[in-house]
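Sharing a structure here in structure tokens format.
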Amino acid sequence: MNESLSHIFVDALLINNFVLCVFLGMCSFIGLSGKFSTAWRMGVSVMFVIIVSSILSYGTNLVLVRFHAEYLRIITYIVIIAATVQLTEMFIKKTSPALFRAMGVYLPLITTNCAVLAVPLFQTSRNYSFVQSVVFAIAASGGYTIAIVTLSLVRERVELSDVPSLAKGTALTLVLAAILSMAFMGFAGMGNGG
Amino acid sequence: MKPVIELRTSPHLHAPRSVETIMRNVVYALLPICAYAVWLFGASALALLVTTTAACVATEIFICKMSGRESSVGDFSVIITGLLLGLILPPGFPLWMAAVGGFIAVAPGKMLFGGLGFNVFNPALVARAFLQAAFPVAIMGYTPALAVHRLSEFIPTTFAIPLIKAAPLAGWIEKTRVDAFSGATPLMLEKFDHVHSELWPLLIGQRAGSSGETPALLIFLCGAYLILRRFMDWRIPAAMLTSALVSSAAFYFSDPSRYPNPFFMLLSGGMMLGAMFMATDPVASPVTPLGIWIYGSLIGLITVLIRLKGGLAEGVMYAILLANAMSPLIDNVTQPRSYGARGKEVA
Amino acid sequence: MTNSWQMIRLLGAVSLLCGLLIVGTQVNTAARIRSNQETIMRESVARLLPGIEKQIVYGIQPSGDLIILPGIEVSGPRFFAGYDAAGNFLGVVMEASERGYADVISAMYSYSPDTRTITGFQVIDMKETPGLGNKISSDLPFLENFKHLDATRPIATVKHGAKKNPWEIDAISGATISSRAVGRMLQKSVAEVAPVIERNLDRIKRGQ
Amino acid sequence: MNQDQPTCHSASPEPSPSETFVAFTAGLWKQNPVFVMVLGMCPTLAITNSVRNAIAMGLATTFVMASANAFISMVRKLVPKQVRIATYISMIATSVTIVDYLVKAISIPVYKALGPFIPLIVSNCLTLERAESYAGKNPIGKSILDGLGMGLGFTFALTCLGTVREVLGAGTFLGFPLFGSNFEPWVLFLLPPGGFITLAMWLLTFTLWRERSDKRKRAREAALEKPVEIAS
Amino acid sequence: MNWLSSRSFSQGVHVPEFKDATCRLPIRRLPFAPVLIVPLSQHTGAPAVSIVREGQEVVRGEPIAKAGGFVSVPMHAPATGRVERIALAPTARGDLSPAIFIKPYPGASQEILYGAPQDIEHMTPEQIIAAVQETGVVGLGGAAFPTHVKMKLPEGKRVDTVIVNGCECEPYLTTDHRVMVEQPAEVLAGARIAMKAIGASRAIVGVEDNKPDAIDALRKAAAPYTNLTIQSIAAKYPQGAEKILIQVLLGREVPSGGLPSDVGTAVFNVATLAQIGDLLPRHQGLIERVVTITGPGVAKPGNYLAALGTPLRWALEKVGCNAGVASVILGGPMMGAAVGSLDVPLTKGVTGVLVLTSREVNGSRKIYPCIKCAACVEACPMHLNPSRLGLLARKERYEEMENVFHLNDCFECGSCSYVCPANIPLVQYFRLAKQMNRKRKAIA
């Protein structure tokens, strides 16, 4: 498909939001959305890693296709992601210890975040061009960030309420996610209606 | 003289208004709309309103009892939820589904968070979003206003048997002898068939739509009552309607042949009911002065985007729910600068 | 130093092992996968062109010329021509896709160049809402539209119950958007491919 | 992996060597990956709108976990600490690639239904978690059993979700209509919010159930303690 | 209503005033009580140190205690009589503190014999400040902060404008109103003394526009002086809070945690200045003050000049209390504290006594959860977010209240509690929170 860039962007950001509509990166979405400060750091880290690894995977895929070694895709993509995470961690540690203290714990978690691996897989299977891939990576990771940050703030507000003890915990978070996901259904069909 | 002295802390004066007063007045303001809805859509609308309200109240009583709390029905807020839920469903909506909606509104929509004041999302809209996703066909079964037998006969879908598909509406609509009714609301006609509607019927509610969303003028007046008595924040409807008007005018003037008249946008669908009674739910809206303006404008803008660019004909509900979700964020970034604060801001 | 050397050796060994396993699997399953895919395609085509015994995959080159493709793995602009046991030309099957309500809908449809009508339609892939949009693959009255859909005029989707002309599609009520998407995809695809077929009709009928 | 990560869903104490059986059953129930450890959420929510897909996804994951655990357990003594994660990930990715091809070879429709979620087993936190905390420390036999147990527990949970969603959302079970053609399906359950809601309901049910059984256990213990007190 | 010319501020609340009962009644003197109780700590700062013995005879106006340090003031005998004992007496806060009990002689002339004229024109600012301390005057606006301390500017600070606070925005109270009407010359004299002590070049008297007679009286008295301005401002609660008044009159904002002197101003209550203007030229001490005694429970409401130390019970008996008294409040209804005992004395900081009957007090209001109606946010003059502060307080997140939501800028004006439809005791929460934070810091 020759999708327009704006359509790719809106689609990955809102209509098919990675978290709320496609169910990617759920563990961190549920596990790390308790606090706003954690959530936005996770969001930023994920955005960074997704964009970098999307670019690297795009290049790698060209090589794999050239040598007809598509069967190595999964393994190379995960290695790229793990390496990106590792290098980012080392880089931040060297350049800004303060930032490392703030972000350090989140970085290793990104390797096992499905959303990160999904971006290169999707861009390959949809035959996106380089620019399309980058736009897709920005939008998809932005959608992840929007979702986790919104949920974290909603959860912080719910912290101040008198939630019955039985409902506290993951179940409540899931109900909030369900309502958010129902609200995101309003974006369905955006850009190709009427 | 040996007075019994009571030790209380300041302030010893209190403004006369209480939560109960506010909520009771909102119920009063909704009653004319309910009555008009029954006149427009008949016995089915009445049955619908009774069912949603009863389901909401029953759920609240049940949950209060289960959790050993004092019943909170006396604060009237659950009655608002019930009436509004009835008003935003199509008049012939199957009653069993409406009852499910009432349960959803109050159980997960409100009591799960701790009851009045603690819910993040508008309970009535949570229920409607649930129903729309669960029963998308039934919730699009609209019937015409002022159908002939409306007061003596129920719309057949009203008494659909639980869990069983409702019978199609076409036969009944033919019987009502309303000319050329296609089973679509003005917004659907505009969006899917590019049929424009007159503004006057929209103003007085003689059109298809959810049972209580159609009489824009009456809704405006009832809202104005609440605004004048200061039971409701005027800034939210003001911001929402202005931003909807401005953004749809921008579309309209970019291509008048393709996009509807901006005033059509204000008067059609649930815009007026949403602006006056649902976006204004204080519980789910921000508290900061700037935040309230942002919140209202955001709802107007998203509504217009969904209506004109999205896959659905109507977007008020989703717009309000999305803005509800954003309201903690809006609140946090618009904390007023406190008197004497030196540039240091709330994180 | 020896330590990292050991590590590299180990990683090398691991990679070799992994590589061997993967390549082994790939080699062993490749044929199976290809035949699976072919079966699916063939079944789809057969459903659209009953009585088909033989099919040829034509690729359309940028110049507008046709070439015969070796198999179904080669993607790009193409169509299938079907013949019965006696080698008589039955019609062509084309692919089309378009954004629907939730995501892209892709479908195949059969087209008869002689009568210039669409004679069948089948959804291959979609994410439309179950119970609403996904009826485009199963709703019998809707599929009835495509038994004889006039393609000489622009194909148009009309509201449910409003079909008056043979080139109109009667939409599914409650799923107008998905129905429209089907109309649009057929219109676009016919407009693109039908002229090419027309030009080469003789050659296709001969099966070359 | 970092030991002090915020969501370290680490498992309860390791089963003792004599109880090999426990390695298998733990994952099925007591340490159920979905209901207890809340791991592997993405496929749990995404691939459960039909029972068939849920089972297929569960089995694919089971295969990956068992084989990855086997590889890892084999090489665990050889791998130095620095490259442990890298080795584990490569081995998991290998298993996943194999499954990817196998599913494609078995059935294209199933492969399509599972979408990108088969390759994504690589980054499923459940897989790596078991690799690190179990297979990296235990002999091969037990590791395979653990992988199988966890995988089947995962399959069980997915099936639970899939059943609710398919029955309510489509009125069918494994494709067989249950209520006749007049049933009004609750489409919501097939849509994304339905995934969240169904999982929330299951978790609430489990919490209730566990609370009840805890209470009963405490009551039983209290009942047992009394005679002891009397005796002393 | 010339709302165009009237200045005011953006938030705050309009509270019913209830001032009609007393605002037109002239100040009357309350007779001496059989025993006057003079606490040694009637002000903010170190307690005074007694310089009399039990049994000693004192003359009205005689110093009976000396200042306990710089932030402290001396006490003077409110009546001629005998020191009965020096012992603990109940205070309005509910605890006990040392006080001098004086039994006035019933037959004494009660003339003030102490003091000698002094020529203020020729005194240096330092001398004036010392003299102000000797008068024992503290802030009569309610805070009872020693006035001479305010006049002594910290190194490097300069004050250009003295603000005279004649707002009296609290409902019921009319003390300052009557002082302005009856003693405008003393108020202005005090203002000029304050200007001289501080080195300010002008003074502005801010009076709310619900006291037109006070404005007239002051304008008339101020006619000869070019550097004294009388500014009428639109009535609104809590305009009298000094930070708000500074903002209204000068457009300056006192930084959080700062003092008025940080923005070149100093604020004095009209009654404070009236006392200085009256006492300083005669070098006498503060022995009485005007107190509004009012409320639905009072038979003869009015403004009474009461000797400091008059027990509350006696004062109430003199003005007559209706049956059904339910609550007695020292100060106004918005900020004043209910007292637990009628044996507490009237002190320098008491602006009014408000007696409420069970009708006002009972029908105690049901507390609902916060419905986020934003009424409190609209009301808070300090632009805080009482709604959020209240929610945080319920969850005992006191530190966050202070660090993120500016708890310490709250001056407990009560506007938020007043408007809250859910009847949440917000101010009470905030007091508790501040207390807990102080305790936590003290431990750390």
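The letters A, B, C, D and E name the chains in turn, as written, and every chain counts its residues from 1.
One rule holds for everything that comes next: a contact is a pair of C-beta atoms (placed from the backbone, for glycine too) under 8 Å apart; a residue touches a chain by one contact, two chains touch by 3 or more.
Predicted model, so just to flag it, every value in this text is computed and none were measured.
Hopping across touching chains, the smallest step count from chain D to chain E is 2. Where touching is counted per the definition, the chains common to chain A and chain D are B, C. Chain centre most remote from that of chain C: E (centre = mean of CA atoms).
Taking the mean Cα position of each chain as its centre, E sits at the greatest distance from chain D.
Here the spacing of chain A and chain E, counted between their Cα centres, is 60 Å.
We define each chain's centre as the mean of its Cα atoms; on that basis chain C and chain D are separated by 37 Å.
Averaged Cα coordinates give chain C a centre that lies 87 Å from the centre of chain E.
Remark: chain B and chain D have CA centroids separated by 41 Å (rounded to whole angstrom).
Those residues of chain C in touch with two or more other chains are numbered 18, 22, 25-26, 101, 129, 131-132, 177. Multi-chain contact residues of chain A (touching two or more other chains) are listed as 71-72, 75, 160, 162, 167, 172, 175, 179, 182, 185, 188-189, 192-193.
Contacts with at least two other chains are made by residues 86, 90, 93-94, 97, 101, 187, 191, 193-194 of chain D. Remark: the chains found to touch one another pair up as A-B, A-C, A-D, A-E, B-C, B-D, B-E, C-D. The touching residues of chain A, when paired with chain C in their complex, are 1, 16, 71-72, 75, 188-189, 192-193.
Interface of chain A with chain B (complex): residues 36-37, 149-150, 153-154, 156-158, 160-164, 167, 172, 175-176, 179-180, 182-194. Looking at the complex, you find that chain B touches chain A at residues 67, 108, 111-115, 117-118, 120-121, 126, 129-130, 133, 191-192, 302, 305-306, 308-312, 315, 317-319, 321-322, 324-326, 328-329, 332, 347.
Residues 136-137, 140, 182-183, 192-193, 311 of chain B touch chain C in their complex.
The residues of chain C lying in touch with chain B in their complex are 101, 129, 131-132, 159, 173-174, 176-177.
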